[in-house]
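Quick one: the structure is below, questions incoming.
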Amino acid sequence: MILNVIGWFLIYFGAVFLFLGALGIVRFPDVYNRLQAGTKCTTLGAFSAIIGVGILHPAWLAKTFIIALFILLTNPISSHALGRASYRSGVKLWEKSVVDKCKEFAECVEERNE
Amino acid sequence: MIKKAFALLLVIIIGIFLSATFAKIPFGVPKTVVGKYYLDHGVNDLGGVNIVTSIVVLYRGFDTLGEVTVLFLAATGLGMVLAGLREKDEKKRKKTAPSLIMRTETKLLFPMIILFGAYIFIHGHLTPGGGFPGGVVIASAFLLMFLSHEKWEAKEKYTKITEALAGMTYVVIGLIGLYVAGSFLENFLPKGVPGNLFSAGIIPLIYTAIGFKVGSELTGLLQNLRETTE
Amino acid sequence: MIHGQIIFYGASVALFVIGLYAVLIKRNLIKIMLGLSLIEGAVNLFLINIGYIWGKTAPILSNKELLAHPSAKAVDPVPQALVLTAIVIGVAVLALALSVIMRIYETHGTLNVDKIKELRW
Amino acid sequence: MSWYIAIGIITIGVILTLIRALKGPTPADRMVAVDSMTTITTALLVLLGLYFKRYIYLDIALVYAVLAFVATLAVARYMEGGL
């Protein structure tokens, strides 16, 4: 019974976070902000929803944990690669952005000017 | 412009005809008799729990052998078509190097994905997997390394040897079936308890061979495509 | 059940029509190949839809209940096996066609079908 | 019944990312939307496995996650000019 409640709570928590991430993708102004919403929120949301499924059915816990672990390992890398790729391919920052850390490193500027 | 309007008209006409045809086909009712036979007798005949796998590997085994041959032919043909492309390409583009984070992470993920591909093709008779998806997952692990390490390569010698050995294993299993049970690709191992890992006769053996073959073939194909862009 | 026909068959008709439009209108060879693979996806989707039966599950008899009455609980496995073959052949054809396109780009220096004299119609 | 609400929320999320993938001014926007959509779809596939009560459907979610990750990485490397 208590497992049931925890499992459904985790699934709803994850579903709401997935929805909020998707909303952020539509609403945010530029690529880098959308990247924040689209990968951080969906990582947390997918992780908790999948673990919730595992808690509802304790026999499934091992495999759901593997899926969640895989998402936890790969999602930051793909977001990192996408952010770097958008910066390198010359996507401009939003005009109200206050800081551009990548400009402080010499190699990024070199690559971008070429 | 006229060409475009004509093409649009043609597309609309074909769409209407297709819709009219499909409206006559009932959806969601049983249609084939042979499918019912496979479902009812498949587990008793062969011992495999996954009926699709039983059909692909044993009921229609020749078809799968031909399919693997087509894949081999396509990979070889791609190598042949692209053979002279590399030497002529003189102008070197400047390429950006992959970042340190990506290199470290893919080094960590590579064995995990390979292991997962092996899991898929070994459990082909129990789960919705099989040799072809397993091979594709293995090739995707190699693609990950190709993407994130510029110098790293899969030696063509080894991919060719793996592919040839896997293909030979498939044919040799078929020939043993011919010798022991009387026809090519016949099941000659005990069926076992349905649902166990060691069951379903020769399905796991053949799917392991197919998994190695597809994985090494697609890896060689990716390697060919990659060498031409350097 | 008419809504099944509208949704599932309609999806495959829509995919087919989009692919055909891309093949007819686009002038870039790679986009034409993308259209062809869309058509292939439409055909695969249609074959899978033919095998579906309302209220039944995948033909993998992994529990006791399914093992006892397979044909009452599982969908038709024959189209799924056909599509498994078709997908692999489609990948092989796509790879070979893309390599030929690379060769065409090398010899002609363009991917536009109108500019390649041998392919003009 | 609680299940349809969860799946409804997630499906609305998929549709929202699809809107961004169609609208996105730059290719980077579309790729970000598609990347999030694959993550959401992985969660959706796991929930579908729960709905149909079939353990074997979890494998499909894992294969989907692996292939989507490799595809995203390939497109990202192409966009930054590394291929």
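To keep things simple, chains are lettered A, B, C and D as they appear, and every chain counts its residues starting from 1.
Rule of thumb we're sticking to: a residue touches a chain if its C-beta (ideal position, glycine included) is under 8 Å from a C-beta of that chain, and two chains touch if they have at least 3 such contacts.
Note that the structure is predicted; figures quoted are calculated from it, not measured.
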| item | value |
| --- | --- |
| A-B or B-D - the one linked by more C-beta pairs in contact | B-D |
| Between subunit B and subunit D, centroid-to-centroid distance (C-alpha), Å | 23 |
| Distance between the centres, which are taken as Cα means, of subunit B and subunit A, whole angstrom | 31 |
| Subunit A and subunit D, separation of their C-alpha mean positions in angstrom | 11 |
| Junction residues of subunit A, two or more chains touched | 70, 74, 77, 81, 84, 88 |
| Subunit C, residues touching no fewer than two other chains | 58, 60, 62 |
| Multi-partner residues of subunit B (each touching 2 or more other chains) | 96, 102, 126-128 |
| Interchain contacts, given as pairs of chains that touch | A-B, A-D, B-C, B-D, C-D |
| Footprint of subunit D on subunit A - complex, ascending | 8, 11-12, 14-16, 18-19, 21-23, 25-26, 31, 34-35, 38-39, 42-43, 45-46, 49-50, 53, 56-57, 59-60, 63-64, 66-67, 70-71, 74-75, 77-79, 81-82, 84-86, 88-89, 91 |
| Residues of subunit B touching subunit C in the complex | 4, 7-8, 10-11, 14-15, 18-19, 22-23, 25-32, 34-36, 38-40, 42-43, 49-52, 55-56, 60, 63-64, 67, 70-71, 73-75, 77-78, 81-82, 85, 88, 126-128, 130, 132, 194-195, 214, 221, 225, 228 |
| Subunit C partner contacts - residues on subunit D that touch it in the complex | 52, 54-57 |
| Residue ranges of subunit B in contact with subunit A within the complex | 94, 96, 99, 101-102, 105-106, 108-109, 112 |
| Of subunit A, residues touching subunit B in the complex | 70, 73-74, 77, 80-81, 84, 88, 111, 114 |
